[in-house]
Amino acid sequence: MKNIGLFVGSLRRASYNKKIAQYLCRIAPEGFKYSIISIEDLPLYNQDFDDDGDVPKSYQDFRAQIAKLDGFIFITPEYNRSVPAVLKNALDVGSRPYGKNGWNGKPGAVISSTPGNLGAFGANHHLRQSLVFLNVLIMQQPEAYISNMKDIFDDEGNPSSTSSTDFFKQFVKAFAEWVNQVT
Amino acid sequence: MKNIGLFVGSLRRASYNKKIAQYLCRIAPEGFKYSIISIEDLPLYNQDFDDDGDVPKSYQDFRAQIAKLDGFIFITPEYNRSVPAVLKNALDVGSRPYGKNGWNGKPGAVISSTPGNLGAFGANHHLRQSLVFLNVLIMQQPEAYISNMKDIFDDEGNPSSTSSTDFFKQFVKAFAEWVNQVT
Amino acid sequence: MKNIGLFVGSLRRASYNKKIAQYLCRIAPEGFKYSIISIEDLPLYNQDFDDDGDVPKSYQDFRAQIAKLDGFIFITPEYNRSVPAVLKNALDVGSRPYGKNGWNGKPGAVISSTPGNLGAFGANHHLRQSLVFLNVLIMQQPEAYISNMKDIFDDEGNPSSTSSTDFFKQFVKAFAEWVNQVT
Amino acid sequence: MKNIGLFVGSLRRASYNKKIAQYLCRIAPEGFKYSIISIEDLPLYNQDFDDDGDVPKSYQDFRAQIAKLDGFIFITPEYNRSVPAVLKNALDVGSRPYGKNGWNGKPGAVISSTPGNLGAFGANHHLRQSLVFLNVLIMQQPEAYISNMKDIFDDEGNPSSTSSTDFFKQFVKAFAEWVNQVT
């Protein structure tokens, strides 16, 4: 069984991205377990924590969690044409202390979404640039830019259209193949 | 007198970027007052705060502060090829609630720095992409990519070389001209 | 009268971006003359041309043309998530020989368009990154990401909807104000 | 034997990037053959060529060449903070006609270089953004940003320092492992 962590870039209670994450957890392919990893309680990264050996408990727990994962899916809105702080913070916390990059060498994927109509493209690719440095082996295709999020899920949290259902199912299938290809 | 806020993208006590900010405060051109604006106490942005009308005091104070500024200088390290969470968070907090973008229409500049040797290019340009959306009128030239930060300042916090001194003085002069050009 | 050059990033006869450019020429605000500048005959940039003093006639003519302009509008499709070669080539040719950047210090704007649905965001912002270095004073807002280009113009080359008409008119008005603000 | 194509983003006779490519050809690991693929004679991409069925001979030859390759290394300078037109053009030509992306699914790597000191970071990552869409399986680490190119090679075209020699040897070794990992 491969454990995949889902990281959601929005703290809003009714977050669209959380809906995507919850739905993906229900359709994880055979042989894969998807879990949402909480990132909201991580204090803003400060290198002094690590240098002083005064590492917040939440950092320790988070780093221990990602160490056990076999892959990552990042699901992000776009704030001001880039990645929300909460998600960038999780990347940074997981990448330190120096020499202990917890993301290193594992497979990953990116989904960006927006209530607007540009697919949160800016957040998607800024995230990818960070993931080069972190050596996360990111799936290139299919890209996932989800626009008009208000219409994508119904009240039960299932996709409202078969085209959306098909897209998400095809995405998790492609990611399973990618994970198997690189690990 | 024009008030320019300096925003530093690192929380580390001995932050190199703080050193740049402190030095710039001392060499602000005539007619300009430079002040460092604290961004470390802003909780990770959550839209629920604004939607619920339960806005943290620190958000309110920060938004009030940027409303009084005549321009902005962003001084940033690079974390994982992008902007540190603490600085992105400040941008996001200052840009909301929807319809009240506190950065809107004012002049700005970007400085990126690194103890390494690529000038924190990735952070510099990711920041610029956000500032397009925020409608900050960013100075294009001179760009400021400061590498090898360990050698740039002496123990009194002054540049160790005349070339660095000249660069910073020319930068604040160019920014003064840019502010006057667009306001 | 201010002369604005329009640069179109597609060579296709029936180019959507050419349609945008042609329409903008017809709605240039009072005091502005818009002209499409041909970039299709510029050979791929090779620094040897300039170093050897063996500069193609087309380069000389193009550089002379941009020297006479008071501002620039770049209208670009997206090829493979970035700027088409033909437009990047024009930027490069106009920026050389070293020390003679023909774009330097003049106002500009970016419009990106696509028959798809992501607004050619990738091309838009890659172009903006080059324009930082070239010191083109780019208008930040409004951004212009035009999706679904098949439906935007009618057979006479006018916008099919009042919302599109309004957007383009507001765009050229905002650009006129920006040109006046910075020059 | 795996055939790797090297694509050089500069047409200059004395191109630094060509030097890198030539050196890499000499140190290709066992089981790999490196060849430089010429991209200088490709006319600026125009979709009409493909739509009209009037495809330049150079396009046909280039597309046939990349079809035979088992992987790609892109070696690029930075022009105006982005990818030179000649290299972007090759990417675009190889990606069409629609539905026949010649780069699809094969492994690749990026090297950027500059006589300056920022490692041509901008070109490196703009290229990577295109390669996401083209579904080239790009090696994340090691990144290769080569600064101060004037000092990197001696007159025989070998690295002047053991650290450069080590870097390039480690790079081609890592790429060999990456190719084997994903194919």
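The letters A, B, C and D name the chains in turn, as written, and every chain counts its residues from 1.
One rule holds for everything that comes next: a contact is a pair of C-beta atoms (placed from the backbone, for glycine too) under 8 Å apart; a residue touches a chain by one contact, two chains touch by 3 or more.
Worth saying up front: this structure is predicted, and the values here are computed from it rather than measured.
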Per the definition at the top, count C-beta pairs in contact and tell me whether A-B or A-D has more. A-B
By mean C-alpha position, what chain is farthest away from chain D? B
List the centre-to-centre spacing of chain A and chain C in whole Å, with centres computed as mean CA coordinates. 36
Compute the distance, rounded to whole Å, between the mean C-alpha positions of chain A and chain D. 30
Of all residues in chain D, the ones touching two or more other chains: 81, 122, 125, 129, 132-134
Quick check: in the complex, which residue numbers of chain C touch chain A? 81, 117-119, 121-122, 125, 145, 147
For the complex, which residues does chain A have touching chain D? 125, 128-129, 131-138, 140-141, 143, 181-182
Residues of chain C touching chain D in their complex? 10-13, 40, 44-48, 51, 79-86, 88-89, 91-92, 95, 122, 126, 129-130, 132-134
